[in-house]
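Heads up, there are several structures right after this.
Note that chain A is present in both complexes that follow, paired respectively with chain B and with chain C.
Our next item is the complex of A and B:
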C-alpha cells in the first residue's frame, strides 16, 4: 500500500470526520438556540393518543410507507428511498471496513451484500438525477446544491462499488478516488441538504408531539380506505 | 457566482420590516421545518392546487414554501449566508417582491395542511405559510378582504361586523321560533345566564345567513333540558387571526371568548360547528392569548353525540331519509383530530351514509379554507382548484354532503354551484335537530 493510500484511508478520513463533527456540533447548537414554542392547548381527539405516542408514530413514519398517501401511492419512490439510503450506509460502512476490518471483505457474501446495496443505490442515483432534471415540479425547486449533492453521491456510489473488493493489485486509482471523494463528501455534507438526517428527528418529533396532542397522529383511515 | 453580495442593494422599508420580524417569529419547530426540506417533491401531489393545475410548478407546496425559505436561509441560516445562491438563499428588497409573496401565501394555499401530513421529513409548510401571511399583514400587505374582515373582528368583535343589537335581536327571533316549534312559550335562549353548564358560542355567519342553525342548536339544548346560555359579548368563536397569521388578533379574539366564559362562571365552552373556529378557540387560542384555560371546551358535535349516548335526547334516523356523505374540515381533521365523533353521530341520525374518498385527515380541502372565501381576487383560481373536490363529491353519488364547518358550507356550496352538482350541503346540527323525537 502506498503512503498516499494509507494517508487517504486513515489521516484524511479522520480529519474529515473531525471537521464534519465540528460543523455538526455548531449546527445542532444553532438549532437548539431557537426556543421551542410552548403548547398550552388541552388535548383534543379521541383520547387514545398523546404527544408521546404521536411523536413515536411520527418518527417511525419512515418505516411505515402505508401510512402516508405520498408513499402509499408511490411504492416505487419508497423503494428508491430505501435502496438509496442503504447504499449510503453501505458506502460509509465501507470507508471504515477497509482501513479497520479489511478481513471482513474476504467473505464473498459480505462483498456481495455491499455491492448489491451500493450498486442499487447507484442505479437509484441515476434515476433520481433524471427525475430532478426532467420532472417539472422537482426541477423548479432544485438548487445547485440539490444537483451537486445528488451527482456527488451517485459518483461516490460508483467508486464505492468498485472499491468493495479492496484490491489494489491492478492499481490504487479506484481506492484513492473513493477515499478522497469520501473525505470531500464528509466535509461537504454539513453545508448541504445531505445533512437532512440531522433535522429529521427534530421536525418529526415536534410535528408528532403536536399532532399527537391534537389526536391527529396516528392517522386514522376507514377500513374501506385501505385498498384505495 | 455563488458568493452573492447583495447587502449593498437598497431595500424597501417594508421588506426590511418583514426580514426583521421573521427573526422574531421563528421558533425551533419553524426553523426545523424551514431547514429540513430536501426538495424531494413527495408532497407535490397532495395539494389540490397542483392536481387542478397539472404542469404548473408554482403551485407545488415546496415551491411555495421556498419563497419564504429563501429569505430565511439568506438571513437566519448561516449556510445560506456563506453560499447563498448555492443553497437557494435569496433576500427580498422591494414591495413588488412582497406582493408576489402575498400572491403565493394567500392566493395559492389554503393552509389545509395536507402537504404537511404527506411530507416524509415532517415539514409543516401550512404553519409557516401562516407565519408568512402574518409577516405581510404586519406591513399592510394583504388581500383587501383579509384587511376588511380583520378590521371588523378587531373593532366590532366579530368577523362579520354584527352589531350587538342585531345579535340579540336575532337570538330573540330564534327564541320565538323555538317556542313555536316545541310548542312551549317558556322555551328560552338564555343570554348571559350565570353558572350555566354550557356557554354556547357561534359563528357570526349564523346570525347573518343561517339563523336556522341557532334554532336547531337551541332545540337540541331544550330537548336535553340543558342548563345553557349564550353570551352577549365574546360570542364569536371564529378567529380571523388563524387565516391572517396575526397572532395578536388571534389572541385578542380568543381572549374575549375565554374572558366571557370566566365572567359567566360557565362550566363548559361549547363551539358550534366550525372547523377554524374550533381549531382557533380550542387549540391555538390558548397559545396566542398566552393563557391556560381553566374550563372545559368542546365542539357541539361532541355535545350532541354525548346527549344521544347518555339518553338525554332521542333521535329517529328515518326522519333524515336521503343519502349523505361527510366532508371533513381541514382544521377539524388535520389539526384537531375531530374525525370519528361526527361519523358516530351521523350513524345515529341518518340511514344512508356513504364515505367520501379520501376522507378524515386525508380529505381534500373544500377550497374555501384559510380565509379564501374572503379573498375575492383569487376566486377563479380557487374554483379551478375545486375540480378536485367536485370529483370527490360527485363520486359519492349522494344527495347531501354533511360538514361540521360553516366555512366549508360556503366553500362547498360554491363548488356545487360552479360544477353543477346535484347536491345540497347541510350540517350535523340540522340533521340532529330534524331527527329529534321530543
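Our next item is the complex of A and C:
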C-alpha cells in the first residue's frame, strides 16, 4: 500500500470525521437550544394516544410507507428511497471496514451484500439524475447543489462499488478516489442539502410528541368517507 | 383588464406544462400609508429597508422554529410540484410549492447560512432586491395557505407557514395587502370583517326571524348580547349578509331552537373569521381572537360554538388557547370551542332533531372539504371526524349525496382558490384558475350524478364559488351551506328540547 493510500484511508478520514463531528456538534447544540414551547392545548383524543407513543410512531413513519401520502401513492419512489439510503449506509460503512476491519471483506457474502446495496444505489442515482435533468417540473425547482450533490453521490457509489474487494493489486486509483471523495463528502455534507437527515429525527420527534398529545398520532383511521 | 378565460371543464385534472411567469402580473393592491399606520405597520418602505428586512427576518427565524427547519430541510424531491391548485391552474412554476418556498429560501441562504454566505449564487443564495421583493409580494399572495402540498411532502413542509412568515416580513417593511389589512382593521375596530354595526346585524337577525316565522309559523329567535345564556355562538359576519350564507344562519338558529338551547350571539364579537392569520401576524391574530373570549367572559356563557367558517375554526380551534387561554371559566364538560357540525350531529344522534329528507329532494348533493377544516384542524373524537361529521349530517338530511373523487376530498381536498387572503377582486383571474381542480372534480359528479348542490362549511369557500361558478358556466345558486340543507329539512316544533 502506498503512503498516499494509507494517508487517505486513515489520516484524511480522521481529519474529515473530526471536522464533520465538530460542525455537527455545533449544529446539534444549536438545535437543542430550541426548547419546545409549553403545550397549552389540553390533551385530547381517546386516551390511547400520548406524546411518547406519538413520537415513536412519528419516528417509525419512515418504515411505514402506507401511512404517508407521498409513498402510499408512489411505492416505486419509496423503493428507490430505501435502496438509495441503504447504499449510503453501505458506502459509509465501507470507509470504516477497509481501514479498520478489512478481514470482513474476505467473506464473499459480505462483499456481495455491500456490492448489491451500493450497486442498486448507483442505479437509483442514475435514475434520479435522469429525472432531475429530464423532468421539467423537477428541473424547474433544482438548485446547483441539487445537481452537484446527486452527481457526486452517484459517482461515489460507483467508486465504492469497485472498492469493495479492497484490492489495490491492479492499481490504487479507484480506492484513492473513493477515499478522497468520502473525505470531501464528510466536509461538504454539513453545508449542503444532504444534511437533511440531521433534522429529520428532530422534526419527527417534535411533530410526534405534539400530535400524540393532541390525539392524532398514532393514526388509526381508515377513511370512513368517500363513495363505496 | 384582459378577459378572464376559465380553463375548459373536461372532468380531468391535468398537470400543465411549465409556463414561466404565467401569473406574474396578478398582484394584490398595496395598502396605502394611512392604512398601514392604522394597523401599526410602517407606512411605507423605509430608506434602510434592506437592513430592516434582514433584521426582521432574523427575528422571524428565531420566533418560528418551524420556518427555519422548513427552509433547511427541503431536498427538492419534487413530490409537491404538481399539488398546488394555483400551479395546476396557471402553469407558473413559482406556484409550485417548493419553488414558492425558494423565494424565501434563497434569501435565507444568503444571510443566514454559511454555505450561502460563502458560495453565493452557486449555493443558490440570493440577495434581497426590489425586484425580488416584488416577486414575494406577487407569489406569496398567490398561496391560499391551504396546506395541500404539505400532505404530499415527505417532510411535511408546510408552505402555508412560509407564506405567513413572508407576509409578516413584507408588512414589517411597509408592504401590505390593501384587502387583508382593511379587513384586519375593520375586525379590530368594528368587530367584524364587513364593518357592520350592531344595529345592522340586529336588523338581519330580525329579518331571518321573520322569514322563518313566515315559512314555518314557528317563532325561532336569533338572540344577541344575552347575558347569562349558555352558549356564545360565533360565526363569520358573511352569515349576516347575503345568500348563500344567510340560509345557514337560519339553519343554526333552527337547530338551537329545536334543542331548546339557551344561546346568544354577540354584537362585540360579531366575527368568527380572523385575517390576522392570513397575514401571519401574531399580534393581530391575538387582538381579533381576544374579542371572542372577552365577549364570552362578559356574557358569562358556559360554552362557545363556531359557525361555518374554515379559517375561523382553524384559529379558534388551533390557536385560541395559546393566544388568549386558558378558558377555565367555561364549562369543562364541553370541548372548547365546539363546531356547529359537532353540535348538530350530536343532537341528531341523540334523537333530538327530526327531519323531512324529501325537503331536499330537488338536490343531488356533493360536499367540498374546506382545507382549513380538513388539514389544519379536526372535529369530533377520532382523527378524520372532520370528514365524516359533515357528511353524516348531509346524509341525515338529504336522500341524494355523492362524494367527488377520492384524491380531491378528505385530507387531499383542493382549495377553492380564494382562501388565505386571496378573495379579492384584483386576484379574480388567479382565483378562477386556482378553482380549476375543484371544478373538474365537480364536473365529474355533475355528469355522473347530476349534482346540483355544492355543500360547504366555509364562508370564504361560499363567497369564492358563487363568484367563480359562472366563469365555468355553472349556476352560482348551486352553492350552499351544510346548515342550509339542515334548515330545509328540519321539522320544527316536533320536539322541543332534549
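Definition applied: the second predicted complex is superposed on the first by the 218 of 228 C-alpha atoms of A that agree within 3 Å, B and C clash if a C-alpha of one lies under 4 Å from a C-alpha of the other, contacts with A are read in each partner's own complex, and residues count from 1 in each chain.
In this section, contacts are C-beta pairs under 8 Å (C-beta built on N, C-alpha and C of every residue); 3 or more make two chains touch, one makes a residue touch a chain.
A quick note: this is a predicted structure, and the numbers were derived from the prediction, not measured.
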Practice item. In the superposition on chain A, see if there is space for chain B and chain C together, and answer fit or clash. Key: clash
Exercise for review: Identify which of chain B and chain C touches the larger number of residues of chain A.
Suggested key: B
Exercise for review: Would you check which partner chain A:141 touches, where first means chain B only, second means chain C only, and both and neither mean what they say?
Suggested key: both
Practice item. Mind working out whether A:196 is in touch with chain B, chain C, both or neither, as first, second, both or neither? Key: both
Exercise for review: For A:32, decide between first (touching chain B), second (touching chain C), both and neither.
Suggested key: first
Study note, to complete from the structure: chain B and chain C footprints on chain A meet at residues 34, 40-42, 45-46, 68-71, 74, 77, 135-138, 140-146, 191-193, 196, 199-200, 202-203, 207, 215-216, 219-221, 224-225
Study note, to complete from the structure: Touching chain A in the complex, chain B uses residues 2, 26-33, 35-46, 50, 55, 57-58, 60, 62-63, 66, 78-79, 82-83, 85-88, 116-124, 282-287, 290-293, 297, 333-341, 355, 357-362
**Study point:** Of all residues in chain C, those that touch chain A in their complex
**Key:** 15, 17-18, 65, 69, 72-76, 78-79, 81-82, 93, 96, 98-99, 102, 113-115, 118, 122-124, 151-156, 318, 321-322, 325-326, 378, 381-384, 387-388, 391, 402-403, 406, 409-412
Check your understanding: Any idea which chain A residues touch chain B in the complex?
Key -> 30-32, 34-42, 44-46, 49, 58, 61-62, 68-71, 73-74, 77, 81, 135-146, 148, 191-193, 196, 199-200, 202-204, 206-208, 210-211, 214-216, 219-222, 224-225, 228
Check your understanding: In the complex formed with chain C, which residues of chain A make contact?
Key -> 34, 40-42, 45-46, 68-71, 74, 77, 131, 135-138, 140-146, 191-193, 195-196, 199-200, 202-203, 207, 215-216, 219-221, 223-227
